[in-house]
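The structures considered in this document are given below.
Below, chain A partners chain B and then partners chain C, in two separate complexes.
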Partner chain A sequence: MRRSVSFAVLSAVGLLGMSALTAPPRNLAARAAQKAQRAEVKIDNFSFGPATLTVPAGTTVTWTNRDDIPHTVTSSDDPRLFKSKVLDTDEKFSFTFTNAGTYPYFCSIHPKMTAKVIVE
Partner chain B sequence: MSLKTMSQAAHSGDQLAYDHNHDGVDRRGFLKCMAWAGTGAFCVIRGGVLRSYSMSRLAEMDPKERAKEMAGELSFAQISDSHMGFNKAANPDVAATLKAAVDKVNGLAVAPEFLLHTGDISHLSKPEEFDTVEQILKEAKPKDIFYVPGEHDVLNDNGQQFLERYGKGSKGAGWYSFDKKGVHFIGLVNVVNLKAGGLGTLGQEQLEWLENDVKPLQPSTPLVVFAHIPLWSVYPEWGWGTDDSAQALRYLRKFGSVTVLNGHIHQTMQKIEGNITFHTAASTAFPQPAPGKADSPGPMKVPAEQLKSVLGITDVNFVRGKQALGLVDSTLE
Partner chain C sequence: MSEGFLGTAAPLAADAVLLLETAMGVALLFGAWLARTKRFRQHAWCQSGIVLLNLAVIAMAMTPSFRFEVLPRIPAKLSRPYYALATAHAGLGTVAELAALYILVAAGTRVLPEKLRITRYKAWMRSVLLLWWLVVLLGFATYVRWYIPDLFR
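On to the complex of A and B.
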């Protein structure tokens, strides 16, 4: 009797333990995946920050213009992969990078402003 | 030093002192004169002699005497970088300062025959911004205004709206030329198809057009070339230059007098290279820092009471046969 109770208890503990092992990892992975989906670039003082942004595939990058002059976010590739409208102060532009690669871009109004997104 | 003293100093040193190029042009004297220009001095080179007058002395003169003293064959004014639509701290009211620039133009002792606007008319290429500039400039006495676009005028539509408003008779992205009293004016566009990491660009089509445009002209024809971004390398780190301007300038080498008028950098700057005088105008909207004197070339805030002293117009007077143009920068005070 005791042995079966112990076994039952052990099994119950084991099962609980098993569920404890499986449930949180599912949430952690989901949360981690959510974090990886978004990244930010700030535009200020005629520069993109960070100048090189490295993100996993599937990330949506959002640029925010904090400068007091308008800028654009324009892909340097030919054909252009993305081009924002003109962003005045506090305006934003987002683009989702689905494939791995290096994506250089610049401001089409002030072409000396260059940066890149590396997608892994 | 009072303005009166300065003009006296000018007269004492106004004989042709340095003629190293043996062409009758006292370039050092001209540069000396240009240095006074920011205070509203008027310089004319006539008969190889540099004369300068303070604006206040001119105002005191009898109008007939003044017209005779200042008689140039051609007078025009340059305004630039009105950025209609800009409303940040560096200048919350760019319409007011543009109006002040128009008042300045209308108050010039010798009325300019026409205006050149060297671009960044609008701030965001919005129709209402262009409309407002048109309304304000209607108050200017000179009714002919010639425009070239700045990079802020060709946003969103690669310059289509600019061409519709200002591009009649122009080629490509809006380049053109015209003649006034024997002086040949060339408006160039160096703000479209900008490449990543690059400076201003003229492009092959425009360069070919330029070569053909000046080919039939006599070397004695005075040229005035105007474009938004400087056609010389002011400060490449900030994009203050044009990638392919060297080729353009080669086509202009044969001419005895070339004046290049630009904007974009929101401060006055000049350089003389052989027969070419390069000059940039101040903005009527907001100043920008001197090259390298700030992290970036953004709008520079100054105390409100000083704003008008860092904005301005350029008055240009041309005396036939006498090589250089008289270029006078005046602030809006």
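On to the complex of A and C.
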């Protein structure tokens, strides 16, 4: 009797262990795939950070203005691919890059502030 | 949009307006000196030209910038220097320009009826010149707050 109980407990622990070993990688992969679809750019002290961001196609990039004065996020391409409204402190702007390429942009209030997104 | 030439974060248009407004302020002082030396005809041409040039700068450069960057945030964010300076500059600047245009019409033409014309020229003109320079100084302060990141931080 005691032997069969021990066997049952060991089996249960074994099954739990196996599921623990197999399930998390699937979740992690899903999470990683989800995470790869989003990227952040911080605007602070009159600069975009990072100045060059490399992302896979389909990624949504979100810019957040952490500066104490307003800025914009404006595509340098002609015609403009994206252009935010004036972003005040803590305001955000998002754009999804669907095609591979290099996308330079700048702040239209402070044209010296430049950066780019490279989509692979 | 082109970068400015003064080495700050400002665009070309803002640098050009800053220099133009400074030159106009100095030219108005020169025009006042012309009046003191009794060269009234030159005085009239000088001051009229500046007032009309300033009207064009307001219409083409300052008003679009104010509408795009400041107007949507006021009055909610007037407590912040970025918006307060620009709004004070715009408000007093509008008063100064309108007063200067009034002087132009009232003193330089016969368009207005007799009772609306100016009789105390000196007081009016000196007051507007003083207000104009106050607006120029507010314009400097606005430029510094908007485009020179490390100053006053």
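Here, the second predicted complex is superposed on the first by the 91 of 120 C-alpha atoms of A that agree within 3 Å, B and C clash if a C-alpha of one lies under 4 Å from a C-alpha of the other, contacts with A are read in each partner's own complex, and residues count from 1 in each chain.
Simple rule for what comes next: a residue touches a chain if its C-beta (ideal position, glycine included) is under 8 Å from a C-beta of that chain, and two chains touch if they have at least 3 such contacts.
Everything numeric in this text was worked out from a predicted model, so none of it was measured.
Enquirer: Considering only the touch criterion stated at the top, classify A:Asn45 as touching first (chain B), second (chain C), both, or neither.
Expert: Touch status of A:Asn45: both partners.
Enquirer: Considering only touches as defined above, state whether A:His110 meets chain B (first), chain C (second), both or neither.
Expert: In the superposition, A:His110 contacts both chain B and chain C.
Enquirer: If you stack the two complexes on chain A, which partner ends up touching A:Val86: first (chain B), second (chain C), both, or neither?
Expert: A:Val86 contacts both chain B and chain C.
Enquirer: In the superposed model, does chain B or chain C contact more residues of chain A?
Expert: Counted on chain A, the partner with more touching residues turns out to be B.
Enquirer: Contact-wise, after the overlay, does A:Pro70 reach chain B, chain C, both or neither (first, second, both, neither)?
Expert: Touch status of A:Pro70: both partners.
Enquirer: Counting contacts the way the document defines them, which residues of chain A are shared by the two interfaces, the one with chain B and the one with chain C?
Expert: 45-46, 68-70, 74, 85-86, 88, 106, 108-112
Enquirer: Which bits of chain A are touching chain B when the two form their complex?
Expert: 45-47, 67-70, 72, 74, 76, 85-86, 88-89, 104-106, 108-112, 114
Enquirer: Which residues of chain A touch chain C once you look at their complex with the stated criterion?
Expert: 45-46, 68-70, 74, 85-86, 88, 106, 108-113
Enquirer: Going by the contact rule set out above, which residues of chain C touch chain A in the complex?
Expert: 1-4, 9-12, 68-69, 72-73, 77, 82, 145-147, 149
Enquirer: Can you name the residues of chain B that touch chain A in the complex?
Expert: By the definition above, chain B touches chain A via 88-90, 123-125, 151-152, 155-156, 194-199, 236-239, 295-299.
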